[in-house]
Amino acid sequence: MYRIGIVGDGYTAADLLRILAGHDGVKVTRILSTENVGRKISDVYPHLTGYCDVVCQTSEIDNLAGECDTVFLALPHGLSVPMAARLVKMGIKCVDLGADFRLADTQIYKKYYGLTHADPELLKTAVYGIPELYREQIKQTALVANPGCFPTSAILPLAPLLAAGAIETGDIIIDSKSGVSGAGRTPSPTTHFCAVNENINAYGVGTHRHAPEIAQELSRAAGSQVDITFTPHLVPMNRGILSTIYAKLRPGVKAAGLRSILEEKYGQETFVKILPEGIMPHTKWVYGSNMVHINVVADDESKRVILLSALDNLTKGASGQAVQNMNLMLGFKEDTSLRNPAIFP
Amino acid sequence: MYRIGIVGDGYTAADLLRILAGHDGVKVTRILSTENVGRKISDVYPHLTGYCDVVCQTSEIDNLAGECDTVFLALPHGLSVPMAARLVKMGIKCVDLGADFRLADTQIYKKYYGLTHADPELLKTAVYGIPELYREQIKQTALVANPGCFPTSAILPLAPLLAAGAIETGDIIIDSKSGVSGAGRTPSPTTHFCAVNENINAYGVGTHRHAPEIAQELSRAAGSQVDITFTPHLVPMNRGILSTIYAKLRPGVKAAGLRSILEEKYGQETFVKILPEGIMPHTKWVYGSNMVHINVVADDESKRVILLSALDNLTKGASGQAVQNMNLMLGFKEDTSLRNPAIFP
Amino acid sequence: MYRIGIVGDGYTAADLLRILAGHDGVKVTRILSTENVGRKISDVYPHLTGYCDVVCQTSEIDNLAGECDTVFLALPHGLSVPMAARLVKMGIKCVDLGADFRLADTQIYKKYYGLTHADPELLKTAVYGIPELYREQIKQTALVANPGCFPTSAILPLAPLLAAGAIETGDIIIDSKSGVSGAGRTPSPTTHFCAVNENINAYGVGTHRHAPEIAQELSRAAGSQVDITFTPHLVPMNRGILSTIYAKLRPGVKAAGLRSILEEKYGQETFVKILPEGIMPHTKWVYGSNMVHINVVADDESKRVILLSALDNLTKGASGQAVQNMNLMLGFKEDTSLRNPAIFP
Amino acid sequence: MYRIGIVGDGYTAADLLRILAGHDGVKVTRILSTENVGRKISDVYPHLTGYCDVVCQTSEIDNLAGECDTVFLALPHGLSVPMAARLVKMGIKCVDLGADFRLADTQIYKKYYGLTHADPELLKTAVYGIPELYREQIKQTALVANPGCFPTSAILPLAPLLAAGAIETGDIIIDSKSGVSGAGRTPSPTTHFCAVNENINAYGVGTHRHAPEIAQELSRAAGSQVDITFTPHLVPMNRGILSTIYAKLRPGVKAAGLRSILEEKYGQETFVKILPEGIMPHTKWVYGSNMVHINVVADDESKRVILLSALDNLTKGASGQAVQNMNLMLGFKEDTSLRNPAIFP
């Protein structure tokens, strides 16, 4: 039985607790918080009543040392670096759900997050945590950079097509639509119910921090620089991301071939499903599950390619993928405690 | 052309501006704010782009004096008292959308709002602003206490039945369901989209401040003490209140008579409609309008009476009723700028 | 490994499949349908992609005989009677999610459902399937009448208080609020998105079929006739029921005693939680789980008692409770495949 | 006082009635229906209680002749052609809210709607009803083809930029998000509340009927063939369309110039607003109003142009624009009965 620590008590922490409640091989022993120190987590989140009664402690590393074998970090950017450094040194494995270890280039990190990275050496050891792409490296590492929710939804459908040279590397447009939980639990004017309900709007147009993360991974897949335009939108729903992606067939590539590439890549994967032709992904079909649903529509004449992918931003987009990574790091079956279907309707 | 001032810039202020944009006899000349001083109101509320470009000023009375003929006060409780006192003294008519002048009994005000009322003399001159009940007094007064949203939804259906002695005065249960805008514009954990969406819950059970206001007006109507139980609920919608009200027929009263009493009372009213038998009020049918829809179901054998009423909490429950009161105070036709049907669907 | 048949392919069938996907002791071998014969259930419900590929067959009993050990019936009323009769005769255990075996009095069944009950003898052998009240009988029976969603939400909080003689048996008011999935999957004007969204309304006022079911079980608990008023409302959410229940303390009973009665009754139950004082149930806290959250507010002076209960109408209100019943009938641990916490937010 | 007929009783008819209730120069005298013949329209749509009590008649032209001066046709495609032909011949002006007179090329009409156009001569006389582009022609015609909701949202921002030669005519991508009322009032599995709520999905990918309509108008504006990719999405809200449009700057054109082109084109328009830099359109800001909000983000280095536009699909996207057209045809001030701000929040 591995002992698990969670640093943070926001929505991703809550979803970790939901998922880990069904995991027979681990036990959450510590939850660190800033706002809820001294409160039982089931008082903070009454849906956990009967599942987890851990009392939140202050966000100090001494509260983890000797009490945890693996730690999930769900912290604002910048704060994970020193904590991960000390934990890894103690031999404690870490999955960081924040952005601190996702961008290999510290210049880009500085540009988008405004911080000089405090531990570039540690950064080099981190593995970008999409198991379908980096499974073997994840098994070996002590530190996983759990991907952003938007990047996961964009990288999974695009990476195999770029790796196969099937689509152009320029002018890829990613138009993403997200539920509100992606904005976190802290109240703000933009997450007020009345600001979101009966509304849709774009935000961070041309400036969102997930853009360089997507570009990095797509460029790795393509083996050359990939240019993207990324526009996120806020949709009146709690959970879910739908990405509608526009690309172009490369000369000589047939539209029909794209489906084959995707099916070959993901045919054996538990959590990635290529839907039958004509069935477009719906976010509700993956609500609360670790699934990604993908489809592709392409046209030989116009060369236009449209990819669609749906996932739950808190599960496959955050905490579910984090547990999937943990399972790999600790030697569990990869889908342990992640097998539940979506809640529908 | 009367000049109008609005003190406050929350949701009720926004709805006042929406409604007054269609009023030919008045012009909004001043908006006072604490958070948005120096900003155009159409930058704060972009839906007012093209309708109102007044720049918000600080919340001081000097910004109103000489510039306004009538003022709407949309302030936290306690703050309206001194401002209304000075405005009335200057000869400026006031409609207060807060709670400061609703409760005639200053002891009850103190119990529920934690404040000693600072101007009991002025309080005596205030008229409770439901035009369907106090039309003539409203025309004469310089100070209207605009009712709470829940009270309006409860008083309109109950008052005529109590006045007619048709229902018992004890054990009236008011189970109300409200949209989220009733909680105001300030972000909080309870108005976060993810806390409200796909959820319903009761709050303030047995303690809500609207209970004594309802009891006061029902007792006035009955001519004797009326006992109520009031339970508000938060519903995942922006606007709307539905009140489901349980009462008992008094001995000798026939169920069929209740409908007649309501139809007689409200048959000539523009803004109160008794729906046909079997058609239950839907809040969407009054969305954005100043209408109240009412129906009644009663049973001679069990003596059980069920009243249902629907209104828009920001319009007939706040700003629409406030403009209706202003129209009466200034001698306009009562429905001026309030004739628009609901937005449906 | 028991073989399971499901008759019907609506929302309750979908939720059975979701829940049973995590059950190690059973396997769904047959799904009978009228509209989707020949289609894989994962084509009808793409959220089941990767979980269940059973092909729907026609709704004939020969498609179950010899292929199933236990059958869930999710059929319109009237249709379950002949099918359950034949299945039970074959030695196949049945959980009926419809209304055919819930009402012990065939006169009341006829009044509310318009049908003469075709098998009153079989009806006598059916057990009303709330495990927290009838656990031992459920273990012994071949036929469980799975309760309605509203009744479950009303009976669980009220039954122990009536059994203890703590509240009056007259004038109990049950004001219930339900998500839209309770209305089933068939499209209709009242379940159109635009008719429900941004709206709340009461329906079936004074006439809903769940009223006699509630009265029957409360009268059993009280040992005497209990009179209720039941008003359901439609709320813009997919899942969830909140019932706000109004009763009166009996003479000599203290308000504080009610909580003790509930805690004693349910303290050892996995699926019923009495929330801490002051924490009101939220339907989102039980979304997709088999939990019921209950609280009570009472006042010694006015004698007024307010009970609140929240459950997921498709899970504890239908398919989750059905699996709980199946677990008891087949000798599994009662919470098998039902342990998942709610999806929050 | 002009007499108005409305043929159809769906959502666009309901919104026409809402808007015309505030119009002093016209009176609705006839409503033709197939499903609701003999019913008062306020029984079909209770939000019209107190506003319109016209009784629906059968959908025959004799019910209009001699009783109407202008008719709005809100019919399934194909049905408007013969009715418009006869009405125009009688001297009755028509605004057709359907698709029959939008596409100038009858081959394309046949391809997308499966019908041979029955009156190509009449088609030639129809004016495409976007007043901001075709104001003078609309004033002269007897037959307006009221545009589709998606096309209005795409054409208004793109047309001036194409007309100015500022953006490329190839590879324009229009990613549109629509509320559910755009799918009409008839219940279907795809408009069931539970299928839409907490969900987003694309539909009609590569095949939607609004694509050729958009291409036609953009090509007219550009003076050459414009190639578009159009992907509509269904969003869990009643009303609203947000279009996110991706284009490319033409060589030599500066990003900053785009805003100037739009402001010059629409600066004097009542219903089209270019939002300040950095303020992205929100559909709730135009909810129930006839406004279109537009913004543009462009980058000189990458040449990427992103246009955003928001409108209410039932108002500026259908019935509001139809009344705007009627006002022009009948010589009223263009914004008569269309001046109300959006309902916010």
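Going by the order they are written in, the chains are A, B, C and D; count residues from 1 in each one.
Going forward, a residue touches a chain if its C-beta (ideal position, glycine included) is under 8 Å from a C-beta of that chain, and two chains touch if they have at least 3 such contacts.
Here the structure is a predicted model, which is why all the values come from computation and not from measurement.
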item: Other chains in touch with both subunit A and subunit D; value: B, C
item: Furthest chain, CA centroid comparison against subunit D; value: C
item: Whole-Å separation of chain centres (CA-atom averages), subunit B against subunit C; value: 39
item: Length of the line joining the C-alpha centres of subunit B and subunit D, rounded to whole Å; value: 36
item: Intercentroid distance (Cα basis), subunit B paired with subunit A, Å; value: 46
item: Contacts with 2+ other chains: residues of subunit C; value: 11, 181, 194-195, 197-198, 236-239, 282, 284, 287, 345
item: Touching residues on subunit A, where the partner in the complex is subunit D; value: 171, 173, 175, 177, 179, 194-195, 197-203, 205-206, 227, 229, 231, 233, 235-240, 242, 244, 246, 280-284, 287, 297, 299, 302, 304, 306, 308, 310, 345
item: Parts of subunit C lying in touch with subunit A, wherever the complex brings them together; value: 11, 14, 17-18, 21-22, 43, 45-51, 181, 197-198, 238-239, 270, 273, 275-276, 279, 282, 284-289, 291, 293, 339-345
item: Complex contacts: residues of subunit D adjacent to subunit C; value: 11, 180-181, 185, 187-189, 191-198, 236-238
